[in-house]
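In the two complexes below, subunit A is the common chain; its partner is subunit B in one and subunit C in the other.
Up next is the complex of A and B:
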C-alpha cells in the first residue's frame, strides 16, 4: 500500500516541477504575448539563475538535513567586500575576496553547528544578524557605488551578446555540483549525513568535516549571488538581498528536494527557480502590483510543501489522529 | 485458566476477509474469530498480513471482501470510532498517548467527566484509580505520561481500553519495547484481562510469549490463513514452519577452531557505565556478552568502537595498542560494528543498497576525486553475494528492505571495511524467524573464515547458539565467564542478577512455555 503510493508520489514529484514550468509558460504566453519575446525569456532565465546559484548551495544544505538562514546576509556582505576591493585591486581580486568572505561565513556556520552543537536553524539565524551587523560596520551604513568602473559588469555581461552571465555561471555550478553529488566521496557523505547522521558516524564518515564542507559551499554560492546582484545595480550595501534565504529555500522545496534530508534534486532546484522567476515576470507584464507577487510565491511554497511532505504521509497515523 | 472450546460463541468473527491494495493481495479469504475469555494469538512474519487484519478490525481499513460479525451481528466499521463503539479496542505498537497530558487525562481523552463546563477532576481521578485497581497496577492518575517508562505507558493504553468497556482488545507486538520483567507482568495482565471475560487478540512474532499466554494460535503467511489450532495441539516447531513455509533447519553451532589472539582488552572502563573489562578474543571465535538492561555490556561494546570515551585500560588489536579516537579510528584499525538500533544508528534509509554497503570504503575505491563505479559494484557483488542479500536492484533504497535484509546490508558494510574483529550488538533484533536462522549461519561462516566476533545479545538462546564463551555483566562489570556447556539460562541469570540459582529461575519463566503454564 504505502509502497505503491510511494511510487506514484515519486513519479509525481519527479515530473511535477517540469510540468508546472511548462504549464506556467503556456498560460503566461497565452495571457501576454510579450512573455515569449527572446529578451524577456533571457531576462527570466537571468533572474532565475541569480536565485538558482544560491539555491544550488542551499540544496546541498537541505540534502544534509540542515538549513542556512544566513545566505541573504552573506550575499550582502560578499557584495560589499568585493565592491570595496575592485577600485584598488581590480575585478579578479575583488571577486576572489568576495568568495573568500562567503566561504569564511559558511565555514563559521559549520563549525558553530558541529562544535558548539547549536542546531543549524538557530546557528544560521544568529549568523544572519551578526553578518548584517558586520556589513553595516564595514560600510559604515553607507552605499558603495562603482560608477565608471566597467570591470565589475563582467558578472552581468552577455555571452555572444545573448546568454546572460548568471546563466552560464549557474549551469557551470550545476555541472560541478552534480558531479560532486553523484561521483565523489564527499557527495555520498553529504547524503549519508542527511539520511541518518548517527549511522553515518558509525560508518566512519567524518560528519563534522562534511557539515563544514556543505556550509562553506553554501557560503560561496551566496557570495556569488550577492556579487552578481550588486553588479546588476552597481551598488552594494548591507541591506541588499533581504529575504534571499527564504527565496533560496523556497526554490529548493518547490524543486522537490525532501526537507527530511538524504536526497537531492539539483535540476529540480533550478526548475523551481525558473518557475518562480517566470511567475514574477509574468505578473509584472500583466501589471499586477509587486505586493501580489509575494503572496504568489508563498502559495506556491505551500503547494510544493504539501506535495513534498506527502512523501512521509502515513495514512494509518493520519486516520488514527482523525478519530 | 480458560480452556479453548468452553469460551462460548465468538465475540468477534471475521469471515472470508480479503483486502486488496493496488498490486498486492494483502489478505486472501482469511477467517478469524475470538471469544470472550480467550487469548487468540495471531502470528506471522513481516508482510504476512497481520497488520492489515488488525487494521480491518480497528476500522482503519475496509475489507475488499468478507464480513465482520460482532456478537453475531453483521457490522461494517467505516472508521476507528465505530470500531470503538462496537467494543473493539486496538493497542497499536506505536502508542496513541499524548505525552504531556496526565494518566487520567489520557484515559478519559475525549470522554472527560464534566460538571457543567468544567472538567470534573475528582471523578476522573477516582475512576482512573478504579480501573488501575481492577488491573492490579499502580499508576498515579495525575502524573504526565511523558514521565512514565515505556512499560507503564503500555499499561495506560490497556487501562484506557478497559475504561472504554472494550470487549475485544487487540494488542500489536505489545512487548517490543519491554524488558524481561516487564514482559512477565504484561503477560500476567493479558491473562487476567481474559479471565475477566475480555476477548484478547495478541499479535506477536515472539513464540515464547505466544505459547506462554495464548489459548489458540492462528498463523498467517502471505496473506493466507495457514492454521488455527489450540495451543496445546501445537509445538513451537510446527508454528515456525507454518510461518516460514518450510521446515526450518535447526542448525547446531559448528565446531570451532580458534586461532591466535586478535583482540586483548585489559581493565577497560568508561566512566561509571563500564568497569574492569578484561578478555582475550581469538580469531575464529565468538565471545558473548550478556547482561540485563543497563548492565554495561552494551556500553562495553560502544567503548570498544570508540563511541564512548575510554577512561581506563588498554586495548590491543593484533598486538598493537589501539588508540580510541572514535568510530573512524576503530574501523581503520580493523574493527567492524553492527549497531543495536538498526533504524537509528545503522541503516541509511534514503541511500541505495549499493551506497549503504560502500559508504565506509569510498576512500579505497576512488580515482582522484571520483568514485570508481566498477570497483564499487564489485564490492557490492562480493559481499552482497556472500551474505545473500535479496534485492530487486542495487539502486533500490535501503528503506524498502525487510529488517533481515537491512541487517545483512549493515553486516556487508562492516565486512567491506575488511574488519578482523566484528562487534555485533543485538544482530537479530526485529528480524523474522527465517532471516534469523540465516544470520546465524552467516555468522558461523564469518567465524569459520577467521573473523573474531564479539556478540552482545539480550536473547539467551542466541548466545547459547552462537557463543563459545560468554561474559556476564552486572552493574557495569563482568561477573563471570561461562564456556559452552556451562552456558545455560539459570547460570547466566544467576550471574546477571547476582541471585542464587533458585531465585534466578523465577525470572526466567517467560522463556519456558511450560513454566508459564505452571505459574
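Up next is the complex of A and C:
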C-alpha cells in the first residue's frame, strides 16, 4: 500500500469500505437473485440502521478517544422505560421518556469519567452492570408487552409504504451529527479532546463539558436503537440488546474510524453497518447456519484493520518518525 | 537488604508510603474488613461450609483473572476470554466423554494456548490493536464453537473429573487450591523471571522498553499464551463444576474478569498490578454476592451492587488525585482512556 502515491492511498483508505460494500452486494446478487429484491434491500437497510444509529453515537465517543460499553444496557433500559410509559401517556411522551433515560445514563457516564476520574472503559463497564440491574429491578425481571397498541409501531413503520422509519432516523441523525462535527465548536473540541486531551485542556477547551456532551449523545443514540428494537417486536425486557456494545464498536472500526481518537468517519460507520447487515442477510438467504454470521463479523473486523495497517500504536514506526 | 530499605525510607516521604501500602494491600484489607463485618452481621456467613463455598465460587473467575492481570500489566488485554472459556469447557467435556480425562485436559489446554498464539500473532504481526484483534476473535471463537457443537450440550460425568470443580482436598475446595497455586506461579513469574520484568517494562513505557532491548513482540505473544493457559485452566474447572455445558456458557465473562483485575488495583494503563490484589478482588466479588444471597436481597440488586463497588473502588484513586492537585495546583493528571 505504501508504494501507492499519497493521494491514491488516501483515496483507497477513504473508499475501501464503500468498495467492500459494492463487492459484497455484487457477489450476493450473483449468488442469490432474491438479494436484489427491493423488499429485501430495504430490510438490509433497516437492519443496518438499527446498529447504525448507536454506531454513530459510538463513532463520536471513539473520536473523542473513549469507549462506551454501556450502550447495550442503556438501550434495554430506554426500551423498557418507553414501553412502560406508552400505554398510559401515549407514544410521544413514551419516546421522550426513553430518550431522557438514555441521556441521563450517558450524562452519568460522562460525569463519572471527568469528576471521579474513572477510566471510560471501566466507568462504562460498571454502568453496564448497574443499568442492567436497575432495568431488571424496574421490570421485575419480566417481559413488557404492548399487544393491541400499534401506535408504538410508528418507530418501525414504512414511510410512504417504502422507506423504513429507522432508515430515515439514521439519515437524519447522520446529517445532524455531520453538521455538528464539521460546523460547530463542540465538534472541533471533540476531535481536539480525542487527539490530545491535556493539550486541548491547556488551550482552553472545557474538556469536561465536551466529554459530558459526547456521552449524552451516545446515550441518546443507544436509547433510539433500544426503542426501535423493542418496537419491532412490541416486547421489551432487561436482556434486550445483549452484546450491542461490541457490535456498535465493531461497525465503527469496520467503518474506518481510528481507535486512537481524533478522527471521525460517520459515513464509514453507516457503510460498516450496511456491510455487516448485507452479509448477514445474504448468509440467511443462502441458508447458511446463523453461527457463521458471528465468524463473518469477526473476520471482517480483523480484515478491516489488517488492511489499514498502522492504525495501532507501534513503537518502531514511532521511533523512526522521531529520529 | 536492610541498607536498601533504609535508603528507600529516606528517599520517599512518609505520605507516599501510605499510597504504596494502599495500592498493594488496600483491596486485601477491604476483603478482610468485609469478612469481619459479614461474620458479625450476616447470619450463617461465618459457618465453615459457607465460607469454603465463597472460596470455591471466587476461584473460577480468579484463575482466569491471573492471566489477565499479567496481560493488563503489560499494557494489553483480551476480550476473547469469555467465548474462549465456553469453547474450551465444551471441548474438554466432549473429548472427555469420547477419549478420557488425559486427552480432555490436553485438548482443553492446547486449544486455549492455540487461541492465545493466534491473538498474539494478530496483535504483533498483523499489527491490529489488541482491543479490536481480541474483539474479532471473540466473534470468530463464538461462531466456531457454535458451528462445531451445533449448539448441543456436551456432558462428562466421570467422578474423577467432576472432582476438579466440586471436590475438596481435606477441607479446602480444589478450585481454590488451583487458584492459589496459579497465583503463586503468576507472582513468581512476574517477580523472578526476565519475562516478568519485561511485562512490567513494556507496560510502563513500551518505547523505553524497546530501546532498552526488550523483545516487545515475543513478550506480547507470550502474554497472550499465558492468558490462554490460565483461561483454559479456568474453563476446565468451570466445565468440571457444571459437567454439562453449551457454547453459550457465561456471557459477559470477559468483562467480569477485567473488572476483577481492575478492582484488584491493576492499572488499565499498564505497568502496575499484583496477584494478591487480583485474588482478593475475585474473593471480594464472590463474598458480596454470597452475603447478598444470605440476606435474601433482590437478586437483581446484586448486579447493581457489583457495578457500584467497582465504581467506588476506582473513584477513590481519582478523588485522591483531585485533592492532591488542589493542594499542589501544579500537577496535572490526564484522564485515562
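Rule of thumb we're sticking to: the second predicted complex is superposed on the first by the 299 of 323 C-alpha atoms of A that agree within 3 Å, B and C clash if a C-alpha of one lies under 4 Å from a C-alpha of the other, contacts with A are read in each partner's own complex, and residues count from 1 in each chain.
Methods note: contacts are C-beta pairs under 8 Å (C-beta built on N, C-alpha and C of every residue); 3 or more make two chains touch, one makes a residue touch a chain.
What you see is a predicted model; the values in this text were computed from it and never measured.
J.: Would you sort A:90 into first (subunit B), second (subunit C), both or neither based on which partner it touches?
T.: Touch status of A:90: no partner.
J.: I'd like to know which partner A:198 touches here: subunit B for first, subunit C for second, both or neither.
T.: both
J.: Looking at A:119 after the superposition, I want to know if it touches subunit B, subunit C, both of them or none. Which is it: first, second, both, neither?
T.: The second partner, subunit C, only.
J.: Is A:33 contacted by the first partner subunit B, the second partner subunit C, both or neither?
T.: neither
J.: With the two structures laid over each other on chain A, which partner does A:250 touch: subunit B (first), subunit C (second), both, or neither?
T.: second
J.: In the overlay, work out which of subunit B or subunit C sits against more residues of subunit A.
T.: Of subunit B and subunit C, the partner in contact with more residues of subunit A is C.
J.: After lining up the shared chain so the two structures overlap, which partner does A:301 touch, if you call subunit B first and subunit C second: first, second, both or neither?
T.: In the superposition, A:301 contacts subunit C only.
J.: Pick out the shared contact residues on subunit A: the ones touching subunit B in one complex and subunit C in the other.
T.: 198, 201, 261, 316, 319
J.: Flag every residue of subunit A that touches subunit B in the complex, lowest number first.
T.: Residue positions touching the partner: 1, 3-4, 179, 183-186, 188-189, 191-192, 194-196, 198-206, 258, 261-263, 316-317, 319-320, 322-323.
J.: In the complex formed with subunit A, which residues of subunit C make contact?
T.: 79, 122-123, 126-129, 131-133, 135-144, 146-147, 151, 206-207, 210-211, 216, 251, 255, 258-259, 262, 268-269, 298, 300-308, 310-311, 314-315, 317-319, 321-322, 332-337
J.: Over in the complex, which subunit A residues touch subunit C? Could you list them?
T.: 65-67, 69, 112-123, 125-130, 132-134, 136-137, 141, 197-198, 201, 207, 211, 238, 242-243, 246, 249-250, 253, 259, 261, 289, 291-302, 305-306, 309-316, 318-319
J.: Mind pulling up the subunit B residues that touch subunit A in the complex?
T.: Checking each residue of subunit B against subunit A gives 21-24, 26, 55, 60, 79-81, 84, 92, 94, 96, 305, 307, 326-328, 331-332, 337, 339, 344-351, 355, 359-360, 362-363, 366, 369-371, 400, 413, 417.
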